[in-house]
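Read the structure below first, then the notes.
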Amino acid sequence: MSEPIHDLAHIGHAELLTPYADDSLRFFVELFGMEVVQRQGRSVYLRGWGDYQSYSLKLTESDLPGLGHMAIRAWSPEALARRVGVIEEGGLGIGWIDGDYGHGPAYRFTDPDGHLLELYYEADRYQPPPTLRPALKNVPQRFTGRGAAVKRLDHVNVLAREVATNRRFAQQQLGFRLYEQIVNDDGTEAGAWMSLTIAAHELIYVADHARLRGRLHHLAFFVDTREELLRAADLLLDADVPIEAAPSKHAVAQGMFLYVYEPGGNRVEVTTGTHFIYDPAYETVVWTQAERARGQAWGVKTIDTFHTYGTPDASGIATGPPIPPTSAIPEHGGLHP
Amino acid sequence: MSEPIHDLAHIGHAELLTPYADDSLRFFVELFGMEVVQRQGRSVYLRGWGDYQSYSLKLTESDLPGLGHMAIRAWSPEALARRVGVIEEGGLGIGWIDGDYGHGPAYRFTDPDGHLLELYYEADRYQPPPTLRPALKNVPQRFTGRGAAVKRLDHVNVLAREVATNRRFAQQQLGFRLYEQIVNDDGTEAGAWMSLTIAAHELIYVADHARLRGRLHHLAFFVDTREELLRAADLLLDADVPIEAAPSKHAVAQGMFLYVYEPGGNRVEVTTGTHFIYDPAYETVVWTQAERARGQAWGVKTIDTFHTYGTPDASGIATGPPIPPTSAIPEHGGLHP
Amino acid sequence: MSEPIHDLAHIGHAELLTPYADDSLRFFVELFGMEVVQRQGRSVYLRGWGDYQSYSLKLTESDLPGLGHMAIRAWSPEALARRVGVIEEGGLGIGWIDGDYGHGPAYRFTDPDGHLLELYYEADRYQPPPTLRPALKNVPQRFTGRGAAVKRLDHVNVLAREVATNRRFAQQQLGFRLYEQIVNDDGTEAGAWMSLTIAAHELIYVADHARLRGRLHHLAFFVDTREELLRAADLLLDADVPIEAAPSKHAVAQGMFLYVYEPGGNRVEVTTGTHFIYDPAYETVVWTQAERARGQAWGVKTIDTFHTYGTPDASGIATGPPIPPTSAIPEHGGLHP
Amino acid sequence: MSEPIHDLAHIGHAELLTPYADDSLRFFVELFGMEVVQRQGRSVYLRGWGDYQSYSLKLTESDLPGLGHMAIRAWSPEALARRVGVIEEGGLGIGWIDGDYGHGPAYRFTDPDGHLLELYYEADRYQPPPTLRPALKNVPQRFTGRGAAVKRLDHVNVLAREVATNRRFAQQQLGFRLYEQIVNDDGTEAGAWMSLTIAAHELIYVADHARLRGRLHHLAFFVDTREELLRAADLLLDADVPIEAAPSKHAVAQGMFLYVYEPGGNRVEVTTGTHFIYDPAYETVVWTQAERARGQAWGVKTIDTFHTYGTPDASGIATGPPIPPTSAIPEHGGLHP
């Protein structure tokens, strides 16, 4: 066995595409409690109170919802150079860009499924304005407590036509560690939970049943406690946000979850948990089809749309963007008007 | 409008019948964390750490599961006498018994559906043995933290052929206040949530679709926090206890719930919440059929068995007690072996 | 022993006086998360999201801080009449007023120490505007989650020259139940914790060491969970609010506490807890001087100012209102600038 | 700037010395809720429910309390070899041992202050016996919920005569990252908080005012939630465990804490928190003397003994082990008998 790769530190930010930019922005500011740090072109840059960089979410107006790109920060300039070399050799490299708001030069490439990724090292540390300066100097920003008050981007879950191919790419070329996976009875892979740190997951691939390319399953934002997650459910319910899956606990990776749709049609999650993987030789936990059929940790059945819906939506791709925001998302009968 | 009735203080204890007395006892001691205070005949008396009386659960071996009786404590000897007078006049009175372990003379009667009830005033205050003596003198017993570590009996939910008749009886003859109810489109009542205190419910009647008499829906035991309830789910899952409904929040009365089956086949709940009704002129909240169809607070659909299963089970009555404990309870696929 | 008195239901609201009305208002709206429902004269009426009445706090501009009055709601018109009769006979009655915003006729009187009290029965039920309408119909108002997001007024703690005299008045003339008290070695009373409900306390008298009359110790507002209380500490710290006592647990009455000063100089508390007194014959828990010297539940020593500071401040009475808001409050070194 | 060192993964276990082995064992099993996995010679090996290795605490009978040794697991055999080379060159190396229960060959050395450390790579993964097998396969052991039910060893805090020397050793030779530190006005260092992972701290050096060598400040064990930590305080209070510092929140590193003394006289902490350091170029947070004087996060003053007491106790070294367990620990008046 070769030595572990320690070149990449963590997922720095993700870009989310939305056909309803104003509504999505209002959602992330008022309901998820994020702060706007910059507006540039068709994009708005947003941060959670615990992000040490300027932002972790770039929200960009677009014809269709989905993932714009995902950016990973390297441990050092040397580590960045090493990874770029490996990716270029692997054939999925695109090339360098000068950077973006808040970070320096970035190398663009795709995973085998076609999701756009970037690697970078240089990044600005967030400097709060006086109104957001916290009392304690080891906190990047004042905790405002607005809405769900998410702390930071936690993980990115993308759909892929072939989980195995993308999973191997992330492990071998990027150095992600594979903590958990679902393997079907026929040997195909249904999902892979990977991380660059002791956090239970940062990047997840799940099988795209529509067999499309480059789609997003969801972005997840962290809160510190389960109580905050339950509180978020109350707030989002009152705000008429469609709740796809009410708060409960995942079997895989043990995270507490709450899934909703933001107005652009993208699934977003409020998550929390302290399931850390300290083992440097962690043996991947493999779940069978039968085990997965048992539902989530406490027996809650996973809702069907969780397995079928991603962005852009299969129908949306064929027919153009959804006309009203609510038509972009699956219907659920359980919501209170 | 007549003046409110303040003769009864709260539900003091409930007697639960079980065909598997040893297994049920082990469940309440090891998994719900209750203490045995007395054994007498076919009964064991159990307490939560926060019960001020000796016990709140009397567990009695019986051919069939279900509710043995429920006992309500009066505010004073005079108040007790007043209620007994009213009940006797109403025609459902049975008569006085000398008392039971832990309390004095009690008056027996039934509600219109046939559930056995008792009223009493004299009761022993719990005196903890040295090993259970708490550090703080305003706590009745040391918090042991074993299993779900329930604090006390919270509420009793019984099935009734006619909710309206029983609901009126509880209001008019016992002085319960009706805080919430479900009224079907045809005007029949599907459920009534009632209380003697500011607590959101102590006695609940829900419609018995099997149209039997005197059956139990569930007993609920209180924990102080939602975190304790989530923790109980982990413990009960690991202990192979069948989870009927994973932790979530009720729309009616706003309680957080976790429903499981104890080995005798009775449904029991771990509950918590701080939805208090201070209003002396509270206007009953009436839910329609359509509103109820939307599921629980965060949109979770209520599982079918919740509407169909009670103890004794309809089939059990016809055929005798269940042979193995697990056959007494509905099957759920969501449990991990 | 005479029968318990059940004429009064609960403390409906309290009026808080402040020499810095604008700052105090901003505090209760932005930091405690209350809603303004009315402005009238020098007063603003504020509510927590869980108040069933229009408001529970009347904030009134005044030369000195302190308690304006406290109003208790009766169980019925008949119960109100009975209590008024008793109070008039006792000699501390003042007379009827027509009512105030949100409630009908009220009878004014004082306790022996001179605090102004009112009894009333008729009250408006709160009707939320569309923007504050909640998803669930059994919740009075949408949960906004702003700041500490207090739910409702929980209890009123007043200073008195003679605790015993006032405690007896509250018990005998108003029907409060005495749940806990501190009795000094010389037999004098240092504190009395009383309630009209199963809630652990609604009205508290503690000895006024300055031997003044009619002063306020603090108003306490409820949140549902300990996590919300800890979160409030973070928010209030960041907002430069002077924290007198950081979150911990009281020995008496078991409540979790967080004490701060609002800009008018009044002490206010965020509180939570589920220590309920169901016992109709509860034996008052009596704490000795030695027991109290041990500090709070987990051993935290009570800060000196907690025993010496009340509003209006002794010095303030002599010298007029404090010039800048911060001079009205004790200094604490532990706060981060 | 040189590239970051990624050779060591995390602190695998710590050995705690106790003159009262039976009492200490009972403490860790019954009150901290750990499981005994092995007894060997004068040592007992204990685990939290979340430890992936066999154990994280080795409890060894000894004349004096204190730290036996601390063992750090490497990322790979190659990484282990690299670190051993560096340490040998640095002159503090001792040599290889064959291993211990649960792990393979280990290299022994000391830090400049004389604390005994070990590096190892090969380790057994914990295999639970049937009674401790969890329902979910990604959890190492069933959650028993006994006592404080600690999950795993979280961090080791040791005293040192010269913080700077030891801090530099840990950074340069072991690859710890320095996240926070306290620097006195005269430039000397009062404390250093370091980690190998995104966790806010794993190894802490604080100045030893007694100017002794190789002493322990405390071992900290993790629980997942703040509610579990508050619950632990209730349990430990009832069990007559001396509470040195009641639950509150640290300013440095933002952890929630609860400090108590185990019967051997060692300080142990229950801790939780989700303050993660994702930044690969984290700028160390430096606290001044003045900032530290402000107390903990919410203004709680740090108790004096926290700055003066370590194990072995200065007096203990001179006079031999404490006779009764309770004489080994500072006295606190705040505890309820």
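Which chain is which? They are A, B, C and D, in the order written, and residues in each are numbered from 1.
Simple rule for what comes next: contacts are C-beta pairs under 8 Å (C-beta built on N, C-alpha and C of every residue); 3 or more make two chains touch, one makes a residue touch a chain.
Everything numeric here is computed off the predicted structure, so don't read it as measured data.
C-beta contact counts were set side by side for A-C and A-D; A-D has more. Computed from the mean C-alpha positions, the centre of chain A lies at a distance of 34 Å from the centre of chain D.
Chain A and chain C have centres, each the mean of its CA atoms, that are 45 Å apart.
With touch defined as above, residues shared between interfaces to two or more other chains in chain B number as follows: 136, 225-227, 234, 237, 251, 291, 297, 335-336.
Chain-to-chain contact here is organised exhaustively, every possible pair of chains being in touch.
Chain B meets chain D in the complex at residues 134-136, 142-143, 145-147, 149, 225, 227-228, 231, 234-235, 237-238, 240, 335-337. For chain D in complex with chain C, the touching residues are 226-227, 230, 233-234, 237, 243, 246-249, 251, 291, 293-301, 332-336.
Taken together, the chain A residues at the contact with chain D in this complex read 3-4, 6, 9-10, 52-53, 73-76, 78-79, 121, 123, 125, 136-139, 151-152, 180, 197-199, 222, 224-227, 251-254, 272, 274-283, 285, 287, 291, 297.
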